[in-house]
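Two complexes follow with chain A in common, the first pairing it with chain B and the second with chain C.
And then the complex of A and B:
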């Protein structure tokens, strides 16, 4: 589903050069739930951003769903992200001035030929799926952290993407809420067959996934 | 997308209300400034009704000048002046020479006198601006009718002592008034009627003024002038002339020197010659100085407004970097993001329109815009409103486009860090 070949990411400023990723070769199979672990600053999030086409590698190639992404222009990248990828971030990244329903609808807003009615119906359906249909008219500031993350998951899956990329989705949550979020992610993986790549520090959560990849200083160590 | 943006604006109303008020206030100010400058520009560009290029006012003196002129002295001076004018006409450099009273453009030498249509049954006549001129005046100042044809030929051909300006003609003989005779009289009790010989293009005193209802009283013959001057002091009359080309001060002095023998007849001599363009410059100077101050003030305000509006939208856009990153992550292209941000700014601006219209209606109700110099018409409304909103739109565009460009040039991963 995702193939990273000889991936390298170097951050350059006038004074210093920081190697964030070095010679990464990784394949994620369709329907797999992969965890990426490692200490802070080891390049996990950078890797996830590159997989999600939110960042570009300095060297190497990214192939997603059989498509080489290097030659895509901005418009193609945007359309590809919209259709194929769903993101769940540690800090939720919800728009506070939009209510839950509007936040969830957001990806479909950028998808052509989707009517307002279709957007609304799809949003309601995914909110029901994550158990938040009673909070549709609330604003993110009126929700708990766990609820915010469930809204973010609903937003990630509304466009029916094949891949979900989750960057420490339980990092800002207590253990109970974290467990709830993990339960939803597992359901999405097992019941819907979505491929999930999750960055986490939590070993217990990682153990529940189908595979764990460890990173250290930008290198994949196992 | 439109509904989404309007929802966003509404949900951010606590912050947006201040931006909205700023936009409303600034757009209203821009409208006031645009309207004022439009009226000034429009009136300034309207012709004053006479062509003053290459024209001069000849001041004459009497060698034995006295405070009180007796009849004999006045008659002699008149004859001498007429002779001097005759001599001036013979100079090959001179195109036309005329005599007039209270008719010199760009001077404060003005007069008003009552006039009304013969068929008018009103009990009183209104006083209108009057210019006493001989026939040659129409050649000296190339006066034209409203179609642009020379008026001299028409006045020469048609009998009548009076030439109305188009503005006065519309008052006296409006279309559909049913008045058949184009005849006028001094007042309701006047038994003497005068024919209207022609209608000139509208007339005004100076460039920044509006057109005034004006009429010429024409001395058709030399005898008419002599009859007029017999009861008045000759020194109140003006001699005006047009040269075939523009003369510098030195050239004019050389010309007067060259013609000095011809230009002194009896007691009458030429004391000075001043181009009408100088009178114009003198008269316009205070107005132009004011205009410069006004434009400087408008410029200063515009600079302030520019930085205020651009700054507001710049900061507003920058503060939404994470949101822009998120939108990019969920599938918005860079062009879509820029368009959305600009549209949102434009919607905020467009929301001010109904309130601005209420403001304009109130301004009109209070007679605040200058409707004396320029009637308030649809085109005036549309031009000033368009200018105000285009300027605002341009500033909002810059305030959004520049930071939006910077943000969208970054990778979404980077912008997401700005939460």
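And then the complex of A and C:
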């Protein structure tokens, strides 16, 4: 589903050069739930950003769902992300000036030929799936952390993407809420067959996934 | 775009959440729009077509003539037009739908008196011909213009304004009644709705046939006199046709004179040229518009830069949101459109407020803003027309572009992953 070949990411400033990823070769299979672990600053999030086409590698190639992404322009990348990828972030990244329903609808705003009614119906359906249909008129500031992350998951799956990329999805949650979020992610993987790549520091949560890869200083060590 | 509603909804919520910034932005916009709108409203009142000057775009004016020596071109006199000159060169014009000659002594008010002598008012009198009622489109409350027969016979008939009718008779239904103008008896043949002083060519309190008046004298072989000539262009003809025909007729007229000749210099002028100061020289409308445009641009630019600063700070706070939208499929172009659209809401609110403020400014400062060549005019509904709304909308769009393009562009330049964590 995702193939990263000879991937390298270097951040350059006038004075220093920082190697964030070095010679990464990684394949994620369709339907897999992969965990990426490693200490802070080892390049996990950079890797996830490159997989999500939110950042570009300095060298190497990214192939997602059989498509080479290197030559895509801004418009093609945007359309590809919209159709294929869903994102769950540690800090939720909900828009505070939009209510839950509008936040969840967001990916469909950028999909052509989807009417307002269809967007609304789809948003209600995914909110029911994450158990938050009773909160759809609330604003993010009126929700708990766990509820915010469930809204973010609903937003990630509304466009029916094949791949979900989760960057420490439970990092800002207590253990109970974290467990609830993990349960939803497992359901999405097992019942809906979605491919999930998750960056985490939590070894217990990682152990529940189908595979773990470890990173250290920008290199894949396991 | 299906997301316009969503953007507007969000923009409205953002305005409510950032009240101070929104208030400053809206007020800045309102004041900028207000300043320019005062000029736009006065410009429209002075140049757009409205009754009775409904054909301003097709009306041309010759208001003076230079009488010069044939041998040396020496200026002998610069005066109004004489009737013989008008009769020979202007009335027969084929490229004009109608040609009217008028005498207006704007500096000298005449005395209007009821027959019993009880009611007396001073009034501005305009002496003219029957074509005047063709060139200008008056609303008659009662009666009709004086007829051709009346005009040719020099009978004392008058068309008066509603205001005059009420002052002298206490009612507008006064057709057939008599009054005294400068102690001479005139019969009222028609009553028209009051005319705005912004329609300065048609404006008067009383209109009488010039054949009944006192301005028929002329000098210099009929060239000079007290008249002005207004020409309504015939359909299918243009200004060039009119000018060529007129010059040809003047050449023929001059050929019949022995020592002097008539020279109308750069005339005839269009209404716009006349308003822009073309009384004495050739006017470049393009240059005047360019000058006006540059002034308007500078007036808009100053608040636009200030508003741009507010929007920049505002969008900077929202960079993670824009990055998130990009992550979920928004293109850079789409994000820029969103910022512009959201800002347009602010500018439109500011524009509406500025629009209202501009009328308040005109109402409050009428004694120095609402001055016409005929004196001060009151604010009227004629000054609110479609062009004013279009002007407001264009100004809002311009201000929006000036103030929001840079912040919008800036908001989309960062790498998405960096922007998400900024």
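Operating definition for what follows: the second predicted complex is superposed on the first by the 222 of 222 C-alpha atoms of A that agree within 3 Å, B and C clash if a C-alpha of one lies under 4 Å from a C-alpha of the other, contacts with A are read in each partner's own complex, and residues count from 1 in each chain.
In this text, a residue touches a chain if its C-beta (ideal position, glycine included) is under 8 Å from a C-beta of that chain, and two chains touch if they have at least 3 such contacts.
Computed from a predicted model, the values in this text were never measured in an experiment.
Model built by superposing both complexes on chain A: chain B and chain C clash. Once the two complexes are laid over each other on the shared chain, residue contacts for A:205 go to neither chain B nor chain C. When both complexes are overlaid on chain A, the residue A:149 reaches neither chain B nor chain C. Of the two partner chains, both chain B and chain C are touched by A:109. Contacts of A:49 after superposition on the shared chain: both chain B and chain C are touched.
Judged by the touch definition given at the top, the superposed model places A:35 against neither chain B nor chain C. Of the two partner chains placed by superposition, A:170 touches none, neither chain B nor chain C.
On chain A, the patch touched by chain B and the patch touched by chain C overlap at residues 46, 49, 52, 54-56, 74-75, 78-79, 81-83, 87, 89, 93, 95, 97-98, 102, 106-107, 109-111, 116, 155, 159.
If you check the complex, the residues on chain C that touch chain A are 2-3, 5-6, 9-10, 13-14, 17, 320-321, 323-334, 415-418, 420.
Against chain A, in their complex, chain B makes its touches with residues 1, 3-4, 7-8, 11-12, 322-323, 325-336, 411-414, 416, 419. Remark: chain A residues 46, 49, 52, 54-56, 74-75, 77-79, 81-83, 87, 89, 91, 93, 95, 97-99, 102, 106-107, 109-111, 116, 139, 155, 159 touch chain B in the complex.
For chain A in complex with chain C, the residues that touch the partner chain are 45-46, 49, 52, 54-56, 74-75, 78-79, 81-83, 87, 89, 93, 95-98, 102, 105-107, 109-111, 114-116, 119, 155, 159.
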